[in-house]
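Order of writing sets the chain letters: A, B, C and D. Residues in each chain are counted from 1.
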Amino acid sequence: MISFESDYTTGAHPTVLRRLIETNLEPLSGYGTDPYCESARRKIREACECPDADVHFLVGGTQTNSTVIAALLRDYEGVVAAKTGHVSLHEAGAVEYTGHKVLELPQENGKIQADVLADYLRGFYGDEAYEHMVFPGMVYISHPTEYGTLYTKAELTALAEVCRQYELPLFLDGARLGYGLMSYQTDLTLPDIARLCDVFYIGGTKVGALCGEAVVFTKNNAPRHFFTITKQHGALLAKGRLLGVQFDALFTDNLYFEIGRHAIDMSEKLKRMFAEKGYEFFMDSPTNQQFVILTNEKYEELKKHVVMTWWEPYGEDRSVVRFAASWSTTDDDLAALEKLL
Amino acid sequence: MISFESDYTTGAHPTVLRRLIETNLEPLSGYGTDPYCESARRKIREACECPDADVHFLVGGTQTNSTVIAALLRDYEGVVAAKTGHVSLHEAGAVEYTGHKVLELPQENGKIQADVLADYLRGFYGDEAYEHMVFPGMVYISHPTEYGTLYTKAELTALAEVCRQYELPLFLDGARLGYGLMSYQTDLTLPDIARLCDVFYIGGTKVGALCGEAVVFTKNNAPRHFFTITKQHGALLAKGRLLGVQFDALFTDNLYFEIGRHAIDMSEKLKRMFAEKGYEFFMDSPTNQQFVILTNEKYEELKKHVVMTWWEPYGEDRSVVRFAASWSTTDDDLAALEKLL
Amino acid sequence: MISFESDYTTGAHPTVLRRLIETNLEPLSGYGTDPYCESARRKIREACECPDADVHFLVGGTQTNSTVIAALLRDYEGVVAAKTGHVSLHEAGAVEYTGHKVLELPQENGKIQADVLADYLRGFYGDEAYEHMVFPGMVYISHPTEYGTLYTKAELTALAEVCRQYELPLFLDGARLGYGLMSYQTDLTLPDIARLCDVFYIGGTKVGALCGEAVVFTKNNAPRHFFTITKQHGALLAKGRLLGVQFDALFTDNLYFEIGRHAIDMSEKLKRMFAEKGYEFFMDSPTNQQFVILTNEKYEELKKHVVMTWWEPYGEDRSVVRFAASWSTTDDDLAALEKLL
Amino acid sequence: MISFESDYTTGAHPTVLRRLIETNLEPLSGYGTDPYCESARRKIREACECPDADVHFLVGGTQTNSTVIAALLRDYEGVVAAKTGHVSLHEAGAVEYTGHKVLELPQENGKIQADVLADYLRGFYGDEAYEHMVFPGMVYISHPTEYGTLYTKAELTALAEVCRQYELPLFLDGARLGYGLMSYQTDLTLPDIARLCDVFYIGGTKVGALCGEAVVFTKNNAPRHFFTITKQHGALLAKGRLLGVQFDALFTDNLYFEIGRHAIDMSEKLKRMFAEKGYEFFMDSPTNQQFVILTNEKYEELKKHVVMTWWEPYGEDRSVVRFAASWSTTDDDLAALEKLL
């Protein structure tokens, strides 16, 4: 059985795991105060070219989204997000659970367009009854999006400008950021993102760690007592070393970027392989997931040997199927799949 | 520098770590659906002699407490806890953040007495205005308590009886359960706890794991859609394997109990060592932490070589200092400390 | 200055006010336990032909919506509502503040269509990831809707059937129910509504009372301890008599229906008057509000003598303007307006 | 049957009611924007000698407490209150429902002592683990307290000084403020309270209105968008006139103070009457409630003719019983009671 199911099906990248083993017996203080956390923070600030950034380590994606969003909003504010945003749809209402509305905007390929955002904000303050409504308090985007698509530098710059005009923090969910940064089709760098966003997170769970997300407040804008807020959300890890050691490894010798690049290389090979065999794509994907159209017959046949993700029906007798690459995808996996196609 | 700071200062027990390494490359489905989680659940049910128990893996203690408590309570209910309970004091209001009051009772050595609970409940329903008050909806205790003390079987049985009389679920926080179970002074077994409590958790973080707590609903009483509730609380780990593999290792060949026993042995040796050298104790501790009274001078001197936890002042020129043992405490550590005393 | 601004611009209907005056000096117990509340409950049950209904009096509409919705939902559930629903848009996120998502459906003239609801629910349980999503836990509609439109008996029956199929309570917001019931164009009676809905409220504030909404749980399905829940939401009035006396008056000698009918008669006269003078309507309204298209010039001119509500622009130089009738609208008001047109 | 049950058993003071009648037909804009609300705000600012105060009208006491407290606190903060505070005990957890802990302090006669508060605050910031705890974010007191007792000017000044030292807003719950201000034993005036507190409310419900509490932010410190926050809490009344007209009447020609004085006079007469007849008091009460010790036999006998409130048992065969005076208590009521004693 070969797996293209997701980018979180295998454990940690071997280098990350090795560092956990090497440091295992060192007694270290808890709650993110150990020297590995400190070192990881320093390296992340450097990689972001953001010397004043405040970096916090949390455990998982949904947790990070709801903690950061609740920390930035006042009670009467909501978070603006695409209708297809992860916080809108697939986090079991974690944001609403903290008392805040997700203000959903229409999207294009998973992305919020700057003019759509500007129209919404203008309309909000143009509405006579706006004081009876939830105030837009920040903007949430994901990059790569839930569809694996990417903002261009121009698009992100335009979004950031609208946000600044209305004094709304821009928050980028980078659960799969490594794949976005190393896409063949992106013009956005990590320093660009740090410059344009007010806060974002660098996903570890889906990019080679066992768990962990690094939240970067880029402009000295970490909410007061964010440590306590994290604790209140159940998001403060006692053995903070588990996160510190992993992110220290990921940001040593460019490992985070190499993991991203490897998965992108594998994904591009997948794309070429399917294309050469005459398969159609549901959409063009610049990141580590390919959405391929298979006949249902072919899908059922493949299922015996391959783990992949059924996405949605495509006409009468075909389906969209997602193939994901990760740090652990090998050329052998690809060869085995090719043989089956 | 030798460390008696806490039981979460070193990484994972070597056997736990080895299993993470061995399984690292296996592609496994996420969110707790992998076979290691399944195997760990089975082994935990067996160890609890509780074949119908529903077992869920969460990441940390505060998270587990607030998720379980919020899941069990209706909006108008609060959780009864000792004034010194972890949920009352040291979780940054995580329970209140979910909308529920912690109804604080007086304690004795960190424990709630059955008659105090019974009096409170009788009084609550005896109060004419009780419909204007927060209803007691469940009872929270910790074992070992925040003071390292233990309930006897008689005490826990009495508490459980009061809970049943008033139809309140009894929830036991077992962040350090392993040390409680292996204390030289306990008459409570894991099956006893499973029988007497409606839900409890088996702490991993402080008993040899990198992270992780195993919640056991003992009586087919897991709240509906607890999976979704966990997600909503940001407590659902994508790479659930990290928890499954660790708990599977901890409940293979009695490792969890061996870890507990080792720390208890070390703690008892600490106790003997201090006693033989004429030190006084702040209280008698049956578990893995010893509370010793040091002169401030001695404390300052030791601090150069030993990491320990200052607890509180004791008279003019002495202090209570906590020494904690864990899976990684060695006889060499003890010998080094003895030399310094 | 004549006012067609809204149905809550004048005080109480004279009969309601008279009863407040007559009972003012009687000492009565608080919190809804007085005999006027009891009598009002009895009369409402009779008017609804719903002898087992549980009736509670709350103060205002937003408060009633968020209290009832929070009381009926479990933490992991949200309320399904039209995108234009009052709870979705104009209640400052009061529902989200209680931790619940408003699951927004597309609407037609402010109404949810039964097939749209059925499709949504089927799709929800058809989604592989549904356990990561907010569960639909109840359905909210308003009648009249925010646009002043009405469900037909067939439409409400179809909606109720879908709700029952999926075991979701159907909640009807009747802030302006009196106008819906007395519309010339409705085939729905109060007993129909009580039969088809699981809970609804009879609006007092906008139908002749100073304040107050009567919540009717029609099927012995009031949530446990709803009294305490109401208190927790700050929605329990100490001098409950203020609500009891008013609703007792409104449901004596059909006053509630007469108030509704009077406003509908006035609204129909408004409609005829505008039509005869050649004005166009933005939409056909069966209730107490008429949406008329005026040139901006005419609007500015009228504004000097008439209070009305500007709604939205209509093309380049025209606007939609709302004229509302209420219990206190008189033929003199209409005559004065006619003269100005 | 004569009633000394409470100060909210009769309707509105006749002057208040008369103003409601006189203004009933005037069309007025909603949500507190009408001229009566404006006039009431002006008069309250004058009475408080607080020209910059921001005044908002809410409907009830619990609602006011939870709205003001939630508006002033950040997520990680709680409200400090006496263990016997109304928010601690008798509001069904309304504060916790908004996500905030009530940090309970010991009390003396219902009052928080300044030194107890100072010790608590010093200890909080002295605790090494304070970042894992709920931060004290404001202080709540009631005046009169739940026991009918009063702060002296010296006591309130001392409390205010501690609050200022720690930069905590001081919030005074004045549900029965009128009785406190007119007590024979107080040295605190309304301007004193406005000067010493950061926010307080002037209770209407229990001092002659049908409903309504006037919140006074005394130092230009109303939270941003308090209007929207009020709406989100379901505390914004559509017919705001109901509150505006009543408070305008209460603050015209000193009516509020006269109502308070009348009840105090009646209460002092009650006290004298009981004392002269040899009854003992449970405590000395300076406000409108007297706590008298009756034999159970006497209590049962009186119950046939008098409505009063049983408070608690007093020894074997006696009870503490509360007699409350209000705007509507008459000399005839007293004479009738005297006859029965």
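In this section, a contact is a pair of C-beta atoms (placed from the backbone, for glycine too) under 8 Å apart; a residue touches a chain by one contact, two chains touch by 3 or more.
Just so we're clear, the structure is a prediction, and the values are computed from it rather than from any experiment.
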| item | value |
| --- | --- |
| A-C or A-D - the one linked by more C-beta pairs in contact | A-C |
| Remotest chain, chain A as reference, centres from CA atoms | D |
| Separation of chain C from chain D, taking each centre as the mean of its C-alpha atoms, in whole Å | 33 |
| Distance between chain centroids, defined by C-alpha means - chain A, chain D (Å) | 51 |
| Whole-Å gap between the CA centroids of chain A and chain C | 43 |
| Chain A, residues touching no fewer than two other chains | 75-76, 91-93, 97-99, 131-133, 228-229, 231-232 |
| Partner chain C, residues of chain D touching it in the complex | 1, 3, 5-6, 8-12, 14, 17, 20-21, 23-30, 59-67, 91-94, 97-98, 205-206, 210-211, 228-229, 231-239, 241-242, 307, 328 |
| Chain A-facing residues of chain C, complex | 75-76, 78, 89-93, 96-102, 104, 128-129, 131-134, 310 |
| Chain A to chain D touching residues, read off their complex | 70-71, 74-76, 99, 131-133, 135, 224-225, 227-229, 231-232 |
